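Provided herewith is a single structure, encoded as structure tokens, for subsequent inquiry.
Every chain is named by a letter (A, B and C) in the order it is written, and numbering of its residues begins at 1.
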Amino acid sequence: MPQLDQIEAMPEPMAEPLNIPKAKSKIKDKMLPYLMITPAMIIMAVFVIYPIFYMIYLSFFDWNMMSEMKYVGTRNYQRLIEDADFRQVIGNTFKYVGWTVALSVFFGLLSALYLKANTKINTFLQGAMFIPHVVSLVSISFIWMWLMEGQYGLLNYLLSVVGIDPIRWLEDPQIALNSIIIISVWKSIGYNTIIIISALHAVPEYLYQAASLDKASKITTFFKITLPMISPSLFFLVLMNLISAFKVFEPINIITKGGPMNSTNTLVHMIYEEGFQFYKIGYASSMGVVLMVILSICTLVYFKMLSKRVHYR
Amino acid sequence: MKSLVKKLMSTMLVTAMGVSLVGCGSSDTGNSTPTPSQSADAGTPATSSNDVVEIEFWYAWTDKIQENNINLAEQFNATVGKEKGIKVTPVYQGTYDDVHQKLQASFIAKQPPALSIMEIASTKLFAENGIIQSIEPFIERDNLDVDDFYDGLVENCIVNGEYYGLPYLRSTPILYVNSTLLEEAGLDPAGPQTWDELAEFSRTINSELGINGLTMYSYDWVFESFFLQHGTSVLNADETATNLNSEEGKEIFTFFQDLVNDGAVKVYAGADSSKVMPDVMNQNTAMWFSSTGDLTNNLAVAAENGFEINTAFIPAAQTYGVPTGGGNIVMTKGLSPAEEEAAWEYMKWLTDTDQTVYASIYTGYVTVRESAIEDPQIQALFDSTPQAQVALNQLEDYGHGRPMHPRYAEVRKEFVNAMDAIWVNGGDVNTTLDEIAAKVNRILTE
Amino acid sequence: MDIAKKILKGIFNVILVIIFTLPFYWMFLTAFKTLGQTLKIPPDFYVLDPQWVNFKTVFEKVDIIGMTKNSIIVTGGILLCQAITVIPAAYAFARYKFVGSNFLFGLTLGTMMIPAQLIFLPVFLFLSEFGLINTYASLILPSASSAFAIFMLRQTFMQIPEELVEAARLDKTSELQIMWKIMLPIARPTVMTLGLLTFISTWNDYFWPFVLTTNDAVRTLPVGIAGLKSVDGAALPYQLMMAGNVILVIPVIIAFMLAQKQIISAFTYMGEK
């Protein structure tokens, strides 16, 4: 599969873009590229860069959107450290992200290995698994909150048929977050499967032939050839899944509102709640800054690992 | 690859530099509060032609409530409005939360409506932040008979001794009982009067019929009434501390926890009213708490599923007592004098006896004025649907206001957590309440 | 041995299909039940008397037509804006070296990692200050450019052989014409793919419209459907929620069945960055 190899093979960004001959190097020509990037840069500046600074700025204030803004220094951050709910939410978030990413990549890998052969039935199965990925999260949330309904939901009925006691999927604070994880994994397995299959197909056939000549076992072949060869795509998938897991909002907002007892509250939902329901703009902003730092670290670690791999090769 | 990393790093660096820059010059900007004159200019479009003052009235909820708001505005525009040159345009905004959020946004955008509905517990927050204005001068000037409003409804209109709104679409929680089931279990179909009876009824229903005696959810509004029935309140008088972990609080939690443990009472987690109704429909419960505003809906459910319902006061512990709820009508700040006059005219008219009778019959909310009880239409309603009178009687004698602390929304969430922890998940009463009370007290005093 | 393996595989396939399609079947089924039937134990696995009235009720409760219109306007607006911002920017980053180009491109890459869910609060606040809440502009502008699309399209542009451009330059074709007439047609598959991805994600988006609107006038379909759950003092109308859901999901599933190959390869392409 070309994906990350492509990034790696790609010229150092901007190292050698082909230049226009400087024959009639007028000011107009020099201005042209700037003109071309202006619309995109304006949107980026106004809707990404500026909001980031604005958020950081707001995090030093006490403000409820209506009152006068009161500068409070780092008090919002100090309160974050003391806030037991926030600690719980950070814990929930990492638990959610960790399990969701691990399970959806793991099951994605399993089903990719299972479905990699290019047959009609496999194409159909891949399609069926992929549908949840193109359907709105609103629908996914509605469907699963109905399936997981405690008394009249289908899941508990099916459990009762095989003689298992009903599970309080969304009502028990010990279980509810796991239920949300199940929903998210269900949604993303299909996508992961497809990406990994295309990575598997990109592994050169001669490597497998060499392995079979060496009489390597299937398991050895997998760990010695397949896994190293597809690991760049796995890395990529992990990063993609990480970022999308950190921003989880819809299922929580629609199904549990963060309850019961804060057990499914995650960072983005808490930011929403503190900002839009309790009007604590400054406090919510300081949480946003924390989330930004977490995302930056994830991204940096990812690129660090990636560049190490390049050297290793 | 390396330079990609470098690029990201430089991005971070710029960001970090920006932080310190912003941090240094932070105190000079930041106040986006408009002066009254500013927002008056940009405010609700006024005085279009022929001296007609046009104002907007923002309201919440759909269906009957929406129709009621539209009908009343049309009536006003055709009568008093026509005479005095006022045109009111009602604008739908969603739930109470949506209205509040939208009001804030409009305030920042300097385009507030002249009038809005407001959930009663939020009055103080908006009053203290200068979004809505005191209507005390108008009341004094026009000698408005505010004593005619029920006391329990007025409490949440007053902030720091001044009126900031008038009661409009208001309600109280009541006890609904499936009298068919009560009779089947050999109980008084009128329902329990006291907490002891409530416990006894619940246990009897459970043992006789094998269903829940009472179904509830972690309902912060009814929760307030439990405290009122013990002669106390969820927050102390000056709203600096909670009574959650007081003797009464522990008694309340223990009372229901015992019933839950015995299977006589079922509590669903979360502040989600929708979880109770399936049990009602399937006759899997004989008693439930809900707003007076749901009476019509509940009567319809009962008719569909072939049972009868009665309404009763929420049972008394030491006394009866319920909080009131619903929405007041409020006037925003920063209007031109002409707009203020127009807004006031509409507020006054909308909360007058004839209009509250109309709204009550149309929607199921209570009549806000005591004089309305003499109205022949109301009398006719009570004759045909005696269940409707219960709410008004309860309100008249035992209605209270709701807490109005600016951060009560957060406090309510903690109350829901306490109920979820103890009643739904069997948590220990003492430790849970002490823990949550400490959190609530911190929120209240921060 | 071989037969046993086949049977095992067959069973496994069936389980996979059930896991991924049963929830959708349940959605369709519930959409045609009465409220009473949804609250039945054991539940019915088929419906003899389909309740089409549920769809009528959904149309009454939610302004499906108006919100579909909003969804189309917002999705179309975002596609158009992205075409205007992304194509020239990607071209400039691919073909020119100019002062600050490295930095600006790096910055663009950096913004790719910033999700909307991180910055919605400040965006909401300053859109409010400009009075843009509840306008189409507030739903379109924040997504009017895409760092991801710029990155992908730039890659494609860079792979186009220089000879083609040189030949055009000899003909005194202007730079804009080169971009429009030569480069863009070659990059067409990438552009289509990016458009498809933007279309699906915008059409399905709940977060921005949910946060940036406070009334129904500009709300999009997913937000409208999600509103079916906001009942007070009544049972959750699962039959209506699922009927609304069907309305929301059907177009996507039909599109997916018609263009499964293209859609899957588009998403795979997104993976290949």
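A few remarks follow.
The rule is simple: contacts are C-beta pairs under 8 Å (C-beta built on N, C-alpha and C of every residue); 3 or more make two chains touch, one makes a residue touch a chain.
Everything numeric in this text was worked out from a predicted model, so none of it was measured.
Most remote from chain A, judged by the distance between CA-atom centroids, is B. The chain pair B-C and the chain pair A-C differ in C-beta contact count, and the higher one is A-C. Mean C-alpha position of chain A lies 38 Å from that of chain B. Computed from the mean C-alpha positions, the centre of chain B lies at a distance of 37 Å from the centre of chain C. One simple way to say how far apart two chains are is to compare their mean CA positions; for chain A and chain C this gives 16 Å. In chain C, the residues that touch at least two other chains are 39, 102, 105-107, 109, 125.
Contacts with at least two other chains are made by residues 7, 13, 52, 65, 151-152, 276, 296, 299 of chain A.
Multi-chain contact residues of chain B (touching two or more other chains): 3-4, 7-8, 12, 32, 101, 104, 108, 278. Listing the residues of chain A that touch chain C in their complex gives 1-3, 6-7, 10-11, 13-14, 17-21, 29-30, 32-37, 39-41, 43-44, 46-52, 54-55, 58, 65, 111, 114, 121, 125-139, 142-144, 146-147, 149, 151-152, 154, 157, 186, 190-191, 194-195, 198, 233, 236-237, 240, 243, 246-247, 249-250, 253-254, 268, 271-272, 275-276, 281, 284-285, 288, 291-292, 295-296, 299.
Residues of chain B that touch chain C in their complex: 3-4, 6-8, 10-12, 14, 32, 61-62, 91-95, 98, 101-102, 104-105, 108-111, 273-275, 277-278, 280-282, 290-291, 293-294, 297. Taken together, the chain B residues at the contact with chain A in this complex read 1-5, 7-9, 12, 15, 18-19, 22-23, 26-27, 30-33, 97, 101, 104, 107-108, 125-126, 129-131, 268-270, 278, 406-407, 409-410, 416-417, 420-421, 424-425, 439. Note for the complex: chain C touches chain B at residues 35-36, 39, 61, 102-103, 105-107, 109-110, 124-125, 128-133, 214-216, 230-236. The residues of chain C lying in touch with chain A in their complex are 12-13, 16-17, 19-24, 26-27, 30, 38-43, 81, 84-86, 88-89, 91-98, 101-102, 104-109, 111, 113-123, 125-126, 141-142, 144-145, 147, 150, 155, 158, 162, 165, 169, 175, 200, 203-207, 210-211, 222-223, 225-226, 229, 238, 241-242, 244-245, 248-249, 252-253, 256, 260, 263-264, 267-268, 271-273.
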